[in-house]
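What follows is subunit A paired twice: with subunit B in the first complex and subunit C in the second.
Showing the complex of A and B:
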């Protein structure tokens, strides 16, 4: 699971559009969520709910597809047969997760083809961390362990959200994830407790990735009307800050216990149990997410090449009389 | 040319920047199929998700790849999404059968309907919103609407029923008992199990050597 831990491009200034919704239907919708019931695709839902969920699930799906590229790179060069097999199985899982998520997003009305188009056209975002390279095997290990861990924090929360198809997809995804986290941890521990050269390689990879990891959950939420509504509707289940704190609480001790350090002198847990850290460089984050990162061009180019190279297969299988129908659930 | 840490990507000789491709045509838009799986022998078939495929055989292949590669699975059914008749969704704790209009024909006349026109239908119930539809059984009827009435008679005492799917049995492509070997591939892939990674010993040893 690579989940785009924060949804990019939340329209903070746009109106919620709630004044245009039918107040009776809206009240019923909100009452259902307040009762703890899930929303199913044929239920009435506000435009904002549909739009925000589509964007969120779609970005999550894109992140699975794009996130499998830096790890996939290392399959052929993973040290040893067993690690090659495991790395391949993990990448295969992630691509499968993308399929599950695209299907969940489709139930909201946007077709899978449109989502795939928007990805290769650069119209949709994916998790920004994948715009950075994996120059060594240790970098791949950092993704396997810590990026997956960050995504799991977020996805475990989202699995309790209000939209039925997304919950069904996440239940399955989370079940498959248990192996990823253990596999990633094992790989990092192996390097960190290995020879001095292995140890150095792991420390350097962690230093490279830490700034990106700290931006993974997105900037502090402005407590806008939007955030408040999306949390009430159980679209957003926890603030970006809450997710980041949970991640630090769970994983910093595990990083420290194997003798690795983190490249932030201000990182510490204060007396109130809250993690303090240097504010990530959000200007750099913005620059990279808008296209100017070290790997943006490569990620999209590879995805486009895959699309183009597979087109003849799809064309060969196409049944002219076949008609697209949105999945049911 | 795009140069990458991954030599395989560099070998693709992709342009550094290219104009964005045009939107994918409807050409690529396959129909959707809904997939049901059976997690162990004699368990009910449960809805597991959709796949996109040009035809049922391919949908079955995709379904097998997507939904049976990681966890035990002993059987799979696929059906074209458009072949499923769906009732409205009720609230949790309720039964949508309660909302059905009265049958157009009394039950005895319904049963006496032209035997030649009778077909078998598979019935699936959703017990709770956010969970998955599960197979409850088969009924014989002359139409999907009549099948729903027959399902109410046969399974209407089960509760809650948030939603019902009615599928003509002939429309379901089912895995064959004779091919059951195809589901027995997973146990030897231990490296995909979390339990195969026992890292604590190594951490403890590292700390002791500290």
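Showing the complex of A and C:
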């Protein structure tokens, strides 16, 4: 999992700051990206590029650790040895992804401590889907399969982006996500084809999660203009709508195939091969992403408690003579 | 109880319950690397318990899932140390240190057990436990020599945890036969080796090991007597499994 639907600061002509950049360096930077070269930490880059990437990788990292919480609560309740061990390994992978991503973001100049501090202080965001509750084991399975599936669509695209450390982290992350997808699919199939109690649990979980899944890739491109420069710099590799269409095309048939239904009467593929669906409730999306969702406070409270309870360990680890060294990859 | 069953249930239940506790560190560790480390150890311990429940199944006991997910407190033979809530990192680290030193020595000895299937499992398990002990030693040495605050916390955790740790070595009625049949070297010998092993590490820190002779071991776990913390853990563990016992999850 888990990152996606990053909320970019939308650059407008007035705020890009590009007029302050050296035009020769900027032209060379853009030419390198156009040639498909990777930008590395010590290379010259415009401030806007550094800022947008930091924000994006940081949000992705936060999404991994916050995303590990709703699934993590099911580790201790997973039914049977096989699921218990797999759930643990799966969630552990997500925390490992956060570790990789914080390192990638640190190459841009912001420390992990600053990023975690911004997370608990509400200054930086994470994927909005984790502000919704996971009341049953089936909800956890839906996340493992479909949220991870959505993340793969997004991350496979971003792995072809321009920033070297982020691309390399994404390559490794996607390889692990592919296993999560198999795990999640297997768990959902067992439930969807299981006993009446299991089938009911799974259908209800899917109904609960579908609206959030539909918002996972972020607002429609009609609503978020100005992505042109981010696409040109290969920070953003695919539009929100393109990702959503790809996801629907890959997974709706699989969901229907195992006998589950989706709570949207308008969902269908039209003759042009484009998926039609009821417009998600973007007002609700905005309300939740801005802090007023069912689980925002709880997620941040858990993270804050972990930070506070562990502070003595981090203090003890700090050697007075130690200097911060920015990782290079 | 049959000495093999008696020994296997104690070993398996310890691993299952501490594995479960270690997994609760997800999302709560002092640094991300510790979330990951505790998860790795939890996965290992769960795997060890599964291997041991499979040996029990071969001896005629129920399936591992049934044994692990449907028993209640009085049927569990873990020591009380393993069932205590994770508390803060100092306690969890000290528990991990005290328990895994005993576990490594235990499985090294079990590698020579007269019961060949157990010896085979032990040879695999001891290789993994080596890393658990390495992890515990690294952190105990680091925090046990760091700030005054860390040393004070670690010392308090050590003093709180030691009586429970001595409960690891509680024996049952089967002990004489376990030793005479060559199944295992016995708890008294294990405890002797354990004291030497932890003393060696603690000597490299600012922590003080109290005189263990003056402590009263917290026992009962091996006989099905547990703290109030075990049943809620078992209820949580079985919450989904028991929703539909006929289901394949």
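Note that the second predicted complex is superposed on the first by the 315 of 329 C-alpha atoms of A that agree within 3 Å, B and C clash if a C-alpha of one lies under 4 Å from a C-alpha of the other, contacts with A are read in each partner's own complex, and residues count from 1 in each chain.
We take it that a contact is a pair of C-beta atoms (placed from the backbone, for glycine too) under 8 Å apart; a residue touches a chain by one contact, two chains touch by 3 or more.
Fair warning: this is a prediction, and the values are worked out from it, not measured in the lab.
Chemist: In the superposed model built on subunit A, check whether subunit B and subunit C fit or clash.
Modeler: With subunit A as the common anchor, subunit B and subunit C both fit in the superposed model.
Chemist: Using only C-alpha centres after the superposition, what angle do subunit B and subunit C make about subunit A, to the nearest 10 degrees?
Modeler: The angle comes out at 60 degrees.
Chemist: Which touches a greater number of subunit A residues, subunit B or subunit C?
Modeler: B
Chemist: With both complexes superposed on chain A, which partner does A:34 reach: first (subunit B), second (subunit C), both or neither?
Modeler: In the superposed model, A:34 contacts neither subunit B nor subunit C.
Chemist: Now for A:317: first (subunit B), second (subunit C), both, or neither, which partner does it touch?
Modeler: So A:317 meets both subunit B and subunit C here.
Chemist: Would you check which partner chain A:190 touches, where first means subunit B only, second means subunit C only, and both and neither mean what they say?
Modeler: After superposing on A, A:190 lies in contact with both subunit B and subunit C.
Chemist: Going by the contact rule set out at the top, does A:134 touch subunit B (first), subunit C (second), both, or neither?
Modeler: Only subunit B is touched by A:134; subunit C is not.
Chemist: Which partner does A:78 contact after superposing on A: first (subunit B), second (subunit C), both, neither?
Modeler: Second partner only.
Chemist: Look at A:25 in the shared chain and tell me whether it touches subunit B only, subunit C only, both, or neither; answer first, second, both or neither.
Modeler: neither
Chemist: For A:89 in the superposed arrangement: first (subunit B), second (subunit C), both or neither?
Modeler: both
Chemist: Which holds for A:250: it touches subunit B only (first), subunit C only (second), both, or neither?
Modeler: In the superposition, A:250 touches no partner, neither subunit B nor subunit C.
Chemist: According to the stated criteria, A:198 is in contact with first (subunit B), second (subunit C), both, or neither; which is it?
Modeler: second
Chemist: Just to confirm the value: shortest Cα separation between subunit B and subunit C in the superposed three-chain model, in whole Å.
Modeler: Minimum over all C-alpha pairs: 6 Å.
Chemist: Which parts of subunit A are in contact with subunit B and also with subunit C?
Modeler: 76, 85, 89, 92, 96, 99, 190, 302, 305, 311, 314-315, 317
Chemist: Can you list the subunit A residues touching subunit B in their complex?
Modeler: Those in contact with subunit B are residues 32, 35, 37-40, 42-43, 73, 76, 82, 85-86, 89, 92-93, 96, 99-100, 103, 106, 111-114, 116-117, 120-122, 133-135, 164, 167-169, 172, 175-176, 178-179, 181-183, 185-186, 189-190, 192-193, 257-259, 297-298, 301-302, 304-305, 307-308, 311, 314-315, 317-319, 322-329.
Chemist: Under the definition above, what is the set of subunit A residues touching subunit C in their complex?
Modeler: Counting only subunit A, the residues touching subunit C are 65, 68-69, 72, 74-81, 83-85, 88-89, 91-92, 95-96, 98-99, 102, 137, 187, 190-191, 194-195, 197-198, 201, 302-303, 305-306, 309-317.
Chemist: For subunit C, which residues count as touching subunit A in their complex?
Modeler: Within the complex, subunit C touches subunit A at residues 20, 23-24, 26-36, 39-40, 42-43, 46-47, 50, 64-65, 68-69, 88-89, 142-143, 146-147, 149-150, 153, 233, 236-237, 239-241, 243-244, 246-249.
Chemist: Within their complex, state which residues of subunit B touch subunit A.
Modeler: Touching subunit A from subunit B are residues 2, 4-6, 8-9, 12, 14-18, 20-21, 23-24, 26-32, 34, 47-52, 54-55, 58, 65-66, 69-71, 80-82, 84, 86, 88-89, 91-92, 128-133, 163, 165, 189, 191-194, 196-197, 199, 202-203, 205-207.
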